[in-house]
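Below, chain A partners chain B and then partners chain C, in two separate complexes.
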Partner chain A sequence: MTSLTAIQLTFDGLLLGGVYAALGIGLNLIFGIMRVVNLTHGDLMVLGSYLAFTLFTAFGTSPLLSLVPGAVIIFAIGWGLQTAFFGRLREDNQREVLSLLLAFGLSSVIQNIILVVWGGDFRSVPLYTGSWHLGSIAFQKVHAVAFLFALTFTAVTWLLLHRTDFGLALRAASQQSSGARVCGVDVERVRRLAFGVGSALAGMVGALIVLMYAVSPQIGSDYVLKAFAIIVVGGLGSFPGALLGGALIGLGETFGGYFFGGNMSSIVSFVLLILVLLIKPSGILGTQRA
Partner chain B sequence: MPKRIRSALAAAAALCLVAILGAPAVPDEKPIVIGFSISMSGEVSDAAGYLRQGYELWQKDINAKGGLLGRPVEFKIYDDQSDPQTSARLYERLITQDKVDLIISPYGSAVSSAASTIAEKYHMAFPAIASTPALARRGYKYVFLIPASSRDYYHGAIDVAVKMGYKTIAILGEDSEYPREAVPGSAEYAQAHGLKVVYQDFYPPKTTDFSSYLAHVKAANPDVFLNAGYTPEDVGLLHDLKGQDIYVKELVLGVGSSLPTWPKNTGTDGNYVFSATQYEPFVNTPGNKQFLEEYEKANGKTPDYRASQAYGACQILAAGVEKAGSLDQAKIRDAIGKLDMTTVFNRFKIDAKGAQIGARLMTTQWINGKKEIVYPADAATAKYVLPTPEWAKR
Partner chain C sequence: MNRRTLALGAIVVAILCILPFVATSYITAFVLSLFLSIGLTYAWNLLSGYTGYLSFGQVTFFGIGSYATALMIINWQVPWLLGALISGVCVVPFAALLGAIMLRLRGPFFAIGMLGCAQISQRIVAQLPMTHGGSGLYLPPIQSIVGVYFVMGTVALGMLLLTAAIHSNSFGLRLRSIRDAEDAAEMLGVDTTRMKIAAFAIASIVPAVLGGVDAWYLSYISPPSAFNSAIDLQTVAMGVLGGLGTVWGPLIGALTLGLLGEFFWAQFPQIHLGLLGLVIALVVLYLRRGLVSVVPQLLRARRKAFAT
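So, the complex of A and B:
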């Protein structure tokens, strides 16, 4: 392997990791902090893809612009999901498992709604193809944008959580909801907002995905699995951790695929996950939670 | 009237009524039910959609002509979600529970392969819409193939490359049925004709990121690049090839690049890509003009070759049924074994093992958003454009 190839692969892996990490941000809010096993996260991402595709086909709008209305619509859907479904789960120690089952069912429903509305054909938006260059290293344009998106929104979400009242309220509600209520936090409202924000983030990633790959109604399931792997590896609730997890898995896939070829690349992410769970179950940058 | 006679008359009247009402309906117009699964979702759903429309058009046409063996044709359809295991289960259900009279194929080598095993198990004639010749190597008696073998798909594109004096080729394929034949088939043919295979690999299904494979391709710097895959892989590879600044003189892609949705999904980047075909709307097969008109009227778009494949498959099955004069599956299969006819799709002739030896493959190229047949010369509608222009100039 030449050093040029190694450098190119490294950047490919990091950019790929950025895409996964971008999806992980919203999931970190919903699962990492609120402990809702949100299997619909990937499907909401796909919904974002289809909305971007529709606006592009109808009006020629670039997905980078339709990120905004898409985010608003999917925020509303996320809010609705928490209000109508996840918010109704009783707060006992079965909540996590029940949320998994609930999300599994909702995921099926959302995928089939997308299938009915848009059909099963693969969709892609052929804009911004090609790369920027730094010397002879190529950075695929949309991947680079997704990477920057991941960095930016990681910072924004971290600030939201640690420097705003909303963030304080969410963290309090997630650690001890009864205590938070006693302190005057409207726990339900805070949860709905968080679910909405997390979902909106997924929707925005969807608009980027439709520029990179061909999407179809089912691909949400594959992406959500990767996103879970990343936030577990990086540490639940840790936003820098998700970036790290994304980078590790992205690099693992590109280098693993290069050296071992074919099927090994997908094994890498899950081997990494297993190792982390065995050695440091709270994740690389995670902290032990009560 | 004495009481006994009145009750006897009443009983007789009641019996007559029961006899009349309970009598079985005259079986004359009992429909023939044809069962199949189709991928309404999942990886091959876009291609499978065309298949279904082809089937439905045939059903309309045959019913307008009085049906099959004088009986109307009905369909029983299930969604297999592009999953082979699901399809197998559904065919089992169609045959054992729904007790359909005939079966036709789902789309794609992987899914049809699974379904064909069930067909063989229950001794039902199965016109497989699958290109993998592996289906004919299992010693099955009831399964036969409609399309030409995927092993030969890209021979035309390789012939063109050799004509142009190209020297090297890199081949990638998805690790599933059709590429498992198409990749080695293309590699063998290339080597035999003086085109050196500098890189060859399979990627797992549902791969979205190809950077690791393309790192090898870039290092090998081939003249020709070939991918055997479906839409998501073709689109993903096209993006990644451009993104990694990999330029090849001849770019040959898989199923995705042969579908009418290709220009919409890839814009100008998708121009000048080669693919394999067995039918295009402008070919001269019998009944094609009418098929085209009716298809466009019913579906508002031009048919992809899979639609004509489906139509042709039904024509073959119907020919077998008419020749056998019954729904006896063994007789139907024997009758089909002796056929040599040209359907809307292509010529049909099978060998003793059920492999397709009549259908003819052609090579197409997208030129300015329009798909043209560029090889072989006697079927060509345009001359191929080679070498492919640089990325920026497409």
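So, the complex of A and C:
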């Protein structure tokens, strides 16, 4: 491999990694904070993709704009999932197992809804074609645009978590829910909002993904695995960890795709996930115990 | 199991033995599919119901069994039953190794890991040149389904009896202790790691064998069909609906969903998967112990009604 190829792959990997990081941050809000194994995260991302696709085919709006109403809708869905389903589980020792089963079942329901409404064909939104050049490195316009948007989401989420009362309440509720309650935090309401925000992030990433790749109802399962790989590798509950995890998974996919072929690239993220879980379960920048 | 249950069971088994010779091929094929579901659900229950380690990756072994058997039949003319049994045996060391790695992971991560296993095993098998990738493998057409019927029925019955035997003996109790309080069990001297790997390996044999038999039955397999995630979805739904970690749960769950599937959802195949997911969600929220827990309540209510 020439050094130019390596630089190209690194660049592409980091651009992809930015988008993946946003997906991971959304999941971190839900799993890192509430320990809910949110298997629906990938499907909600796909839902965001399909909503963006529909608005594009109906009105010609770019996903970059339609991700706003899309985010609102998916926020509501996420909020609803926590209220109607995950929030109803009692806090006993069975809760982890049950929330996992619940997420598994709901994931299947969402995938089926998408399938029924939009059909099983692959869809994409072919806007922003063409490449830009930076010296001898070429990168697709669409990847750069998606990266910038993902970075914006990430920054906004960071501000939300660290500069608002909601963010403070969220972090308090995740560290010590009983202590937070004593301080007057409505923990259940915070959880619902967190689920909503995390899901909305997934939906917005979905709008970016549909610009870059083709989506189908089933790929939610692939992406939720990627999202878990990202937050586990980077470190559960760690915000910079999700960025690092996104970068590593992105790089893993570009380099993996180069060496092993496109089909096998997702195996790289899986292998990374398992390796990190075995060696350092809290992840590279993780603070919590896995 | 008491004498009355055994007697009833013997009668049912006798009826099932005569069935393929007197009933239509449609009914025979339907009962055969029930056997398949029952067997798979019991295997999943043995691992996930008893140890509490939910695996969404049983289809990994089903697919491997399918392909291994199919390749043996095609390339070496191995008789189908022998091929399926060999697959079952050969999958054990692989499962033990996989389990040794995966079971180090705590609950949610084990589930995610197994979910990933199911996905990547499909991709890997599709890449291998000998499997002809997406075009799939064609097997010699099957002449009579009676053989498959009895094999699957035997597996289903065998798993039921095995679960009944394990449930109350020391192995089963140790498995259940892992589900209830793993750290406490470890401290009391239960070798949780070995128990988990043992359950994992045992639970891998049945899907592998059934996968092999199913490949022969269908005469054609492809990566998406052999590694179909719907198999895991259905198995989980049946296990959860019936009752996790119980002796009769998998049977009740498999029969209920199998019958419902045949009569209702066959009308609406496009929402089949979503309905299975909904069943799981509703059972988790409102009937977490499964249908098995409902039966004693019903019996008590009936006895009360007759007493007064």
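What we mean here is this: the second predicted complex is superposed on the first by the 276 of 290 C-alpha atoms of A that agree within 3 Å, B and C clash if a C-alpha of one lies under 4 Å from a C-alpha of the other, contacts with A are read in each partner's own complex, and residues count from 1 in each chain.
The rule we apply is simple: a residue touches a chain if its C-beta (ideal position, glycine included) is under 8 Å from a C-beta of that chain, and two chains touch if they have at least 3 such contacts.
Because the structure is predicted, anything quoted here is derived from the model rather than measured.
Aligning the two structures on chain A places chain B and chain C in a clash.
Legend: residue contacts after superposition of the two complexes on their common chain; A:L278 is shown touching chain C, with no touch to chain B. By the document's definition of touching, of the two partners only chain C reaches A:F228; chain B does not. Shared-chain residue A:W158: touches no atom of chain B or chain C.
By the touch criterion defined above, A:L16 reaches chain B but does not reach chain C.
Of the two partner chains placed by the overlay, only chain C lies in contact with A:G105; chain B stays clear of it.
With both structures placed on the common chain, the touch criterion links A:Q94 to chain C but leaves chain B unconnected.
In the superposition on chain A, contact of A:N263 is made with both chain B and chain C.
When the two complexes are overlaid on their common chain A, residue A:L115 makes contact with chain B and with chain C alike.
Looking at the shared chain after the overlay, A:E253 reaches chain B, while chain C stays out of its contact range. Once both structures are placed on chain A, chain A residues 111, 115, 222, 261, 263, 266 are touched by chain B and, in the other complex, by chain C. Chain A contributes residues 2, 5, 8-9, 12-13, 16, 111, 115, 119-124, 126-127, 129-131, 133, 138, 140-141, 143, 212-214, 216-219, 222, 253-258, 261-263, 265-266 to its touches with chain B in the complex.
Every residue of chain A that touches chain C in the complex is listed here, in rising order: 31, 35, 37, 39, 85, 88-89, 93-94, 96-98, 100-102, 104-109, 111-113, 115-116, 221-222, 225, 228, 232, 261, 263-264, 266-267, 270, 273-274, 277-278, 281, 290.
In the complex of the two chains, the chain C residues touching chain A come out as 52, 54, 56, 101-102, 104-109, 111-113, 115-116, 119-120, 123-124, 126-127, 180-181, 229, 233, 236-237, 240, 270-271, 273-281, 284-285, 288. Contact residues on chain B toward chain A in their complex (touch as defined above): 39-43, 45-46, 49, 81, 175, 201-204, 206-209, 211-213, 215-216, 218-219, 231-232, 235-236, 239-240, 242-245, 256, 261, 265-270, 391.
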